[in-house]
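Lettered A, B, C, D, E and F in written order, each chain numbered from 1.
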């Protein structure tokens, strides 16, 4: 169960409302790098957590914290929209500030939400539930979470760079700090459950002997000739998971050209597709004829 | 530029066509853990790569390899659909094998594609371009790639577990092996560009002194009382990035209750929303009246 | 800010796991009538609330309660999936129970989430942020909320009807009760801010004299002749908002056939579209020629 | 069956083409508050109407009227785009009017549609069929329709406010009037089939005794302490449906902390997740081992 | 403006309700090959038609006819759902007919719509406005329409093949016939406005001399060696538009390897990406340093 | 399998970076008329090709070429973004060039991708897998491909018209030429497999005698009276497929008004919907009562 106190986790002040910045902030709410994603991702991972209890508990803690981040940012969007206007009237053309604002603002902030935050990104594309990753594999989920916090912190620094509103910079500096912690937090779980050698290859519960043994540590170069510069730590030496040796190999087909034969009559392809196909055995054709 | 030879990277044989398994394989083609995602993700990262040339080259190599994986899986779907039928007629009810097939098959494999693979996942939800992650930050991208290969290998092992078709198991064992390599490959880049301490917090180019200094290494517990079991590597000791000390702290609001005041008249809220609001200064109200 | 205690708002017991029912329950999580929608809808409405403080507070209370409902249902999904299997092997065909399960189960519950709830509906379609309605107009929002709770309670009764698992029926009976309360709650706000006559037409702050005065209380019948049976409370008598008289009128065009003229040359239509158009004045054509 | 006469339901004149306003008008076509939604919603409700014939007939009448509204708005978009240009050339920078236009215009109005309306909203997000609500429950559907017309009329007034083009204001004043009628119309159905006490809780055909009897009229406060201001008509007195008494109660968990146990081996979680879990009975663990 | 008469364009009878077939029919309603798409596509093309009046009129005629097709199919879905049930109870397992039905049915037909058609495809994926194609170029639009009717007729024949319900086969035979007419109809426009030589390349209003003159009639083979079998009418002889000669050429790069240089500091890439890049001129690096 | 050489198919030079043009170019990458669509469409058609081998080979050739087009355009986007900035600071208002840029630029080009191309269209809407058309019918697919290249070439000419950057115009002139070839190429297949008379109606393998014989060559006019101007090649004379005679007919209903009867009690409609319905036989009502 969940509770609230109606207060903000951090102060939100906007010195100079800017609808264009409101639009940009939406990326941190409803975007694929945003707080709705991490909030729901951590909560769904917690709700479905199987195994040691402490990971469920931790996910629940931080998922709940992220709700407060949505609240912070939604408040920031509303305050930045205090300066919005839906006037497209003639006088506007004379006001350079209005021009700038209208140009980059999200029209739905006026038309649809009446100057509030929405569950969309900075292009106005709605939040999508497919972004909520929970695999049921703890290590895979922790990498998904580090990824989310890395993209999230990168986004927050770019937003910080985009404004010189003191209040907004202060709020973003707080969110940047939380992302620092959360990157460390998910990495800490990865260390605790085995580190690079213990976790990889993920999932580590699949019997290694069932995996193809000849293609699990070779970098395959698809370069058409030998000019590739794609050499580095991954093309030579011990593998990162400590269980193999990297090699560099030219990719080549191990299979043949596929032949799907003629279409099934019931699927109503064109008649021309069903005509004799030289590479198809007569027996197969006859079989199809009698289906 | 890109080239092809029309051959498969690995052999694809289906001993016993199974439309239900064809539907499941679609997750590995058009799903968020699938090959379309990784293929496009690595290629877009390559196309936009700034910085050392070898990372662009490597991304291009592996993005190109992933195209061959889409080809493998699309071939496998088509071959598994050779047993599909669109007969819902009365006789079907008598054939238990048909019942099973129809139940779990994707009707669009017959209706829309005429027994071929589509750019959708195992629920029939279309591939979505938002899943193609490229942040312009190399470390963030590498984590996104490790995540993709971890979820991808987990998916492949679950597909492997779902079938006892020998050909399918063999193809999946190959793909599982490639995912092992690719996990190692992206981790190798992370090691090469600095490892945990060098890379984190991502982005490492943001000036640390601009980040809020009091909230970057404390685990914030949102538990309503002291019963949380969320303690571990992340709540105590040196942080993973080596730049701070973890602490465990009870979350509390640093901000106040937000007050957005009355709605702007032009936004056509209800009149009742615009009535006097005790917590709103009269001057602000008058200002609004005169807008 | 938000807090949690890790306990469920109501007990969740599953006597007999049923993956098919797990799939159906997803509609109540990630569907357009589900708990994610109402949770986010009430919270976003609260975050953007302008006007009397008590409505913001109430929305925040109930939005927070709905989070606990997501938690309930996600737990129910996970428990129903304990009986799931990804075996499509030959033996399956012999086991009628397995057949039933595989037929209707969501394959992603095994392949993607490893037997946990996901942010999708019962077709596997991801939750979509566009469903989170907040207009900035309190009355419009309350109707959106009554709608959500009406569709939501209807869904819950249909789920209740679909199972005879005692634990599931008990949990659903609780959720059905909460939906009863929430319907009443949003209706109570509508009564408090003016009732039918006070609120309508929504928004009530738009100057009525600006609205077209001849088309605001007439039912327009688009039936091609006089056979329509569409008569009732809406076609005669005082309007519901008490501000007009209903009439029943045959719809007829008040405008002319539109004529958009010829395409602009820069838009690269076909040349044939740009040829002389009898209904287009020569001067307009010449003007276009000289653009 | 449907027919047309090629004339507009109301005159559409644009005195001064404005591509930026064309973009805003798209919200009223392809947005979640737009005419495509209501048109399809009423038609699908009609097509699936079971029960008294007059409601089916009425829905068909108004659904057909809404098609004419799409036609009106699509014509308005096309006429506003007569002033659009795809010139991003140097000279543009010198022309302040062009700057304003390009800033806020939808590039697809030039690139994709060649200066016509599209089935998208004002952010360019495509219309989505999930917005077409029909529950099979007449009262729930009527609330969905009142909601649609309330958000729709609010949108139309905001568009009216955004322009001083006389022709556009006139067309919008007509649409605003129709929304007034349609709000009244759906409310009239609700009155006719029972009003607040007759209809609620929706669905009114579910046996009330099956609903949880202790949680259907209590406002649950999730506020962490007693400071909530969320008191009003909903926290005290007779319920709106006349069947209960409102109370105000502090929310508390009625369930326990959930425990999903260890992951199933076939789902390939990490091995660490499967290790002994203190809160899990040994017998359960052994059972899993033998699965 | 639009009108209706409440009657069906063709009789809809269902001899034996089949919820599984109801699900399949949804593809013809809300799928990318379905009637919603063609209806809206023809209407939007009509609403935005510029140029000779008769094409606008014709598009409006057929767009209006397609509405009646949605009505037919929605009625067919509702009638097929008369046999649906939401019982997942124990007894179900004993009833093979129920098993089959539940397996393949769309659960939302019960849970969400109460046994009516929805605006979704046969996977339950909602209709998407992006499918409504109107380019402003008449010839491009006619090809889009031929495509829609070709995929649509193919779908209808596959549905026809899937059932032996006499009523359903009869309705589908009608729809198949209409698709025959509509394919011919759009082809007739293409003939009328110039045929293959007159229309192509589309758009025919772009000045041909501005197009690259060396790459407009050569088939480029990306095959890695000379084994391609991709030879036919397109690799030799006069081009279809009569304006060139087909040739067969091996694809080779005309451009160089791209070099995007170092990332801009403000975008917060990793520091390692910004380090010296051998292939980057020192001057460029210095310039960046001073930004 | 696929290979690459890291070089561009054509030179990409940007004389004057323009973030607004970068946004427009995205339509040609991730839009429904863009290169991702055609690339994946041709590749999926190839992967699923049944019938004569040369068509599979040809599709594979051109699908592979289109990958190089994505590469070209992604490079062009990145180079146009070199001039992007995320500064919304006060000074910006003074710089008219910045104003123009910020107005029309996609904020995610800075916030999300760090100045690289993304898998989205020019509105920021993500690429959608539903656009990848492959029907399993060769003729239907070829029309889909001609459509794609017609919309694609139209888009490219509009982009060409939008810029006077010499490098961009040169690259677009190359892409325009390739679209000319590809239109011709797919038309060549249509000629080779039978031309208009041989291919239509598509699919040509469905037995014509099963189609409704009275409605396959008549243009149905839904105009409410006789004023339609929709006459042309399609309303008179031999049909384009050579198998019928066009006629012009006034549309009229061949079916009756549908009657779905009363709702099933288990679906929980309102009680009022279930009351006696005069047009419903008593026996049917009783039957429902006993269900």
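Simple rule for what comes next: a residue touches a chain if its C-beta (ideal position, glycine included) is under 8 Å from a C-beta of that chain, and two chains touch if they have at least 3 such contacts.
Protein identities per chain, from UniProt: A, B, C, D, E, F = Catalase.
Being a predicted model, the structure only gives us computed values, none of them experimental.
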Q) Looking at the contacts, which chains touch subunit B (Catalase) and subunit E (Catalase) alike? A) A, C, D, F
(Q) Per the definition at the top, count C-beta pairs in contact and tell me whether D-F or E-F has more. (A) E-F
**Q.** Separation of mean Cα positions, subunit F (Catalase) and subunit B (Catalase) [Å, integer]
**A.** 26
Q: Let me have the rounded angstrom distance from the C-alpha centre of subunit C (Catalase) over to the C-alpha centre of subunit F (Catalase), please.
A: 28
Q | CA centroid of subunit C (Catalase) to CA centroid of subunit D (Catalase), Å | A | 5
Q.
Please output the residue numbers of subunit B (Catalase) that touch at least 2 other chains, ranges allowed.
A. 1-9, 32-33, 47-48, 50, 53, 57, 60-61, 64-65, 68, 75, 78, 86, 99-100, 103-104, 110, 112, 114-115, 120, 123-126, 128, 130-131, 135-137, 139, 154, 157-158, 161, 202-203, 206, 222-224, 228, 251, 253, 258, 260, 263, 266-269
**Q.** Interface residues, subunit C (Catalase) side, partner subunit B (Catalase) - complex
**A.** 1-6, 47-53, 86-90, 92-93, 99, 102-108, 110-112, 114, 120, 123-126, 136-139, 193-194, 198-199, 202-206
Q. Which residues, counting only subunit E (Catalase), touch subunit F (Catalase) once they are in their complex?
A. 3, 5-12, 32-33, 53-54, 57-58, 60-62, 64-65, 68, 72, 75, 78-79, 82, 85-87, 110, 114-115, 125, 128, 130-131, 133, 135-137, 139-140, 143-144, 146-147, 150-151, 153-154, 157, 160, 173-174, 176-181, 183-185, 187-189, 191-192, 196, 200-203, 206, 210-224, 228-234, 239-241, 244, 246, 251, 253-258, 260, 263-264, 266-269
Q: Please give the residue numbers of subunit A (Catalase) that touch subunit C (Catalase) in the complex, ascending.
A: 1-9, 30, 36, 40, 43-44, 47-48, 50, 57, 60-61, 64-65, 67-68, 70-71, 74-75, 78, 112-120, 126-132, 134-137
Q) subunit C (Catalase) touches which residues of subunit B (Catalase) in the complex? A) 18, 20-21, 23-24, 27, 31-33, 96-97, 99-100, 103-104, 121-125, 154-155, 158-159, 161-164, 222-225, 227-228, 251-253, 258-263, 265, 267-275, 277-279
(Q) Under the stated contact criterion, what part of subunit A (Catalase) meets subunit E (Catalase) in this complex? (A) 154, 157-158, 161, 224, 266-268
